[in-house]
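Input: structures, listed below.
Shared chain: chain A. Partners: chain B in the first complex, chain C in the second.
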Partner chain A sequence: MEGLVATGLIGISLGAQYALLALGFTLIFGILGVVNFAHGGFYVLGGYIAYATTTHLGAPYPVAVVIAALGTAGLGYVFERFLLERLVDDHLATLMLTLGLYLMMSSGILVVFGPESPSFEFPITGVLRGGGFYFPLQNLIVLAVCIVAIVTLYWLVYHTDFGRALRALADDRAVAAAQGLRPKLLFPLAFALATGLAGLTGALVTPILSLAPHIGDPVLATSFLIVILGGLGSVGGATVAAFIVGLIEAYSAVYLGGSKGALALFTLVLLMLVIRPSGLFGREARGA
Partner chain B sequence: MLAVENLEVRYGGIMALRGVSIEVAKGETVLLVGANGAGKSSLINAVIGLVNASKGSVRFAGRDLSALSCDCRARAGIGYSPEGRRVFSTMSVKDNVLTGAHGRGKVAQREAWDWLSGIFPLLKERAAQPAGQLSGGEQQIVAFARAMSSFPDLVLLDEPFLGLAPVWIARISEAVRQMQARGTTILMTEQMARPALKLATRGYVMRGGEVRRSGTVAEIRDLALAEEYL
Partner chain C sequence: MNPYRSTLFQRIGFGETLTVALIALTFLVPAFATNPIVFSVTNQVLVASTAAFSVYIMLRMNLLTFAVPTFMALGGYTVAIFGLRFGVTDVVLLAALAFVVPALFALPLGALVLRLRGVYFVLVTFVLTEITQLVLFETPGLSGGSNGLVGIPIVTFFGIPLADNRAVLEVTIGLALVAALVTAALTVRFRQHFAAIEENELLAQSLGLVVWHYKALGFVVAAGVSGLAGFALVNMLLMAHPSSFNPLSSVNYIAYAIIGGKGSMLGPVVGATVLVFASDLFAIKGEYSQFLFGFLLVTVVLVARDGIVGTIRRWICRSARTSSEDRKAAVPLAVASEGRS
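So, the complex of A and B:
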């Protein structure tokens, strides 16, 4: 029983991390119509920025996390504004650009930091024990930060002028621009928001899981899977799907073993695509 | 207020506007009539900047708009209600309306909302409902309010009566009169000449990407009604 609850808690904290990653991914798809193949790269970069600022510059970990989030957001902004923006309507070109950026990021990291995993540890250890459950403190902290970030993101998207403008651009870009919304400012900001979230997640999570130049691939795959499960472009769907995936992963890792867990997940997604091709919360595909 | 000169718009090999010149003075309601494919939307879209002109110029309030992007033109004081409404279907009615007032601050936004929801009670009743769930006529009201929420000097209305029943045409006409009462300058297009002529002060009859006749409502009436049945 204790194990069941503990695994559930781990699943929820995994789900919160996945939610942050998938929300960024789905925002970029929903607003710009771009599949960001570099999304995992920003996660890895966030991890390495946090690692470098704590180890080489001696900054406290919380400061390093903030720097990682801002750094990845800044890079995302510049990339969108100066490269992606010119070709944003050409799907093949954006695929090449984001994929190219990902390759540059991971080989850049490889050159600078080398192929081995650096030792990057979460500064707080210990386990929280209560009646019938236990929960590592580091996961609790990550969970808390992720939930604050998710709530903030929802508030931004649904309760601010900025979010309203993004939703309008996502719905009908031409008409939104004809109402005076500036795509040249708002698109890079949206992209920066998403990549900053990926960087934030990387800085938070890599000290617990692992840090290495190539770990962006599974991040991209998981983001993809969640976003398809939740319905392309749906913010609520991505959030719910992220927690479902986190829980399935946690329980299957304990009760089925790692590889069977992945099998269970992909089976679920396949079934989902057969039963509800538009995903849990997806709308009917809309002509762009 | 608006001066379009010798405007040419091409879509690949198709020439949609062949050197069109029109003028709209402050406070006027100018009507563009013509059958399908006459080039009305192309003209409206070239004014707001959704399509590029290959030749000619668009001047607004003494300023040459040619080099400006679509969003800059809107912020220069032009409201736009597109053909087919094109409301943001997943967004609430209120969010749709306030999109037009983006970046103007909470005070101006509240002012716009109070004013528009006062004129159109529908907006208040349906404020939280996704605009895509509204009927065509209701969506037209939302598209109007969205175009007006920035208190523009000039409003472009592209076929506001499209696909609407007579009751709704009367309501939309009333909405246009409300804008006129506020002193708003309007450039509108319509295929349905009869109700549109009642609103306009002046008009242009278009065919094949050219202006066939221009003048007061009385002067263009016969040709406008004849074009309607082409």
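So, the complex of A and C:
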């Protein structure tokens, strides 16, 4: 029983991390119609920026996390504004661009930081004990920050003018533009918001898991999984799907072992794409 | 000259003829070269070109596929399993198996995934490559799991063992040549059909084209061509291992086709040649070549949409047009030499 609860807690904290990643990914697809293959790259970059600012500049960890989020958001802004924006309506071209950016980012990190994974530790250690189960303190902090970030994002998207403008552009760009909303101003901001979330997740999670130049690949695959499961472009769907995937991963790692859980998930997602491309909950955000 | 009568050469197309001729010419490498590095690079270029043909076929229908490693794995593991379990070593039989097994597998799969278009097709093929990896790791009884399959018997050609470097390269060339012929035959025979689907699928369908026939055909043949590449790779490495078919290797095959130029069959070959040579220049620091791939992808998408081959062709056409205007020639050279329009 304690094992079940403890595993569930791990699953929930995994789910919260995945939700942050997937929300950024799904925002970009929902609003711009772009599949961001560089999403995993921004996660890795966030981790490395946080690592560099703490070890080389001696900044405290929370400051480093903020710098990582801002840095990745800035790069995302520049990339969208100057490259992606020119071809934003061509799905395959934008896919190629983000793929190219991802290759450049991950080999750039490799050149600067080397292939070995640096020692990047979470500043707070310790375990929370209670009622016969253990929960690492660092996971709890990450979980709290993730939940705050998710709530803030929801508030931003559903209760501010910025969010309303983004949702209007996602709904019908032509009409929204005719009403006076400026895609050229808002798209880079939306992209920056999403990449900033990826960078934030990277800065928070890599000290617990691991930091290496190529960890972006599985992150990209997981983001794909969640976003497809939740429905491409759907914010609510991605959040729920992230927790489902987190829990399935945690339980299958403990009770099944190996990669059977992942295999089941991927097969589920494949069937989902074929039978119901709009995802578990969503309506189709963009035509297939 | 009657503009409505085209010669056989024009009908087959310049790019296709040149591609097949170039691949056939690489038979000169094992005949004359002795340097093992030359052998290795030629091998890599040909496997890369074969895999990129598969991407090229799907791009005819405006579908970007990530599934190349999946079908390569199917072809490669089929060869390994038939060699190890059943002692099949005849290269012709193995090549047929490496083509047919992935193609048969692609048929029901195509019925499911070809209904998707654009981004959704990209995602589903990407998910397929991930599933392939997991299946390979989870079926140690059949695929050897994380150890892969080693000790594959040497392939034979009518009883002659093809063991040394030279013979292995000849097998790769043979497979690449078959793949090029199949790709050329398919894309030339159904050029208009594929072009109609690429241009506007809905319109093509409403004009009476049974779109899914051609999409399924393209998908199945692309799977078979990938299977041949998988055979060549396994034969070159003498083992079948999951890492040879990792999901992100599909990015390389896409890069070869796009950077080389997706408008002509010459594109995948030029792209594979240039990029394999370039990554060999980086020698030990092979990972850094990914930066070049990324940079070239971005550049091609932003400034040279038709890739290397398309850009060069435009230059040639432009200079040809200027010179023909000087001579006031009636037939534009661009049309005569291309036979495409």
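Note that in this section the second predicted complex is superposed on the first by the 273 of 288 C-alpha atoms of A that agree within 3 Å, B and C clash if a C-alpha of one lies under 4 Å from a C-alpha of the other, contacts with A are read in each partner's own complex, and residues count from 1 in each chain.
Just so we're on the same page, a residue touches a chain if its C-beta (ideal position, glycine included) is under 8 Å from a C-beta of that chain, and two chains touch if they have at least 3 such contacts.
Remember, it's a predicted structure, so these values are computed and weren't measured experimentally.
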Which partner chains sit in contact with A:Gly257 here, chain B, chain C, both or neither? Use first/second/both/neither. neither
With the two complexes superposed on chain A, say which partner A:Asp161 touches: chain B (first), chain C (second), both, or neither. first
Is A:Pro123 contacted by the first partner chain B, the second partner chain C, both or neither? neither
Check whether A:Ala221 is in contact with chain B, with chain C, with both or with neither, and answer first, second, both or neither. second
Name the contact category of A:Gly236: first (chain B only), second (chain C only), both, or neither. neither
Per-residue contact with chain A, leading partner among chain C and chain B: C
Name the contact category of A:Leu181: first (chain B only), second (chain C only), both, or neither. first
Does chain B (first) or chain C (second) touch A:Pro60, or do both, or does neither? neither
The chain A residues in contact with chain C across the complex are 29, 33, 35, 83, 86-87, 91-93, 95-97, 99-108, 110-111, 115, 217, 221, 224-225, 228, 232, 258-260, 262-263, 266-267, 269-270, 273-274, 277, 286, 288
If we count contacts the way the header does, which residues on chain A are in touch with chain B in the complex? 161, 164-165, 167-168, 171-172, 174-184, 283
Touching residues on chain B, where the partner in the complex is chain A: 48-50, 69-71, 74-75, 80, 82, 86, 88-91, 95, 98-100, 102-103, 146-147, 150
Quick one: in the complex, what on chain C touches chain A? 62, 64, 112-113, 115-120, 122-124, 126-128, 130-131, 134-135, 137-138, 247-248, 251, 254, 258, 287-291, 293-298, 300-302
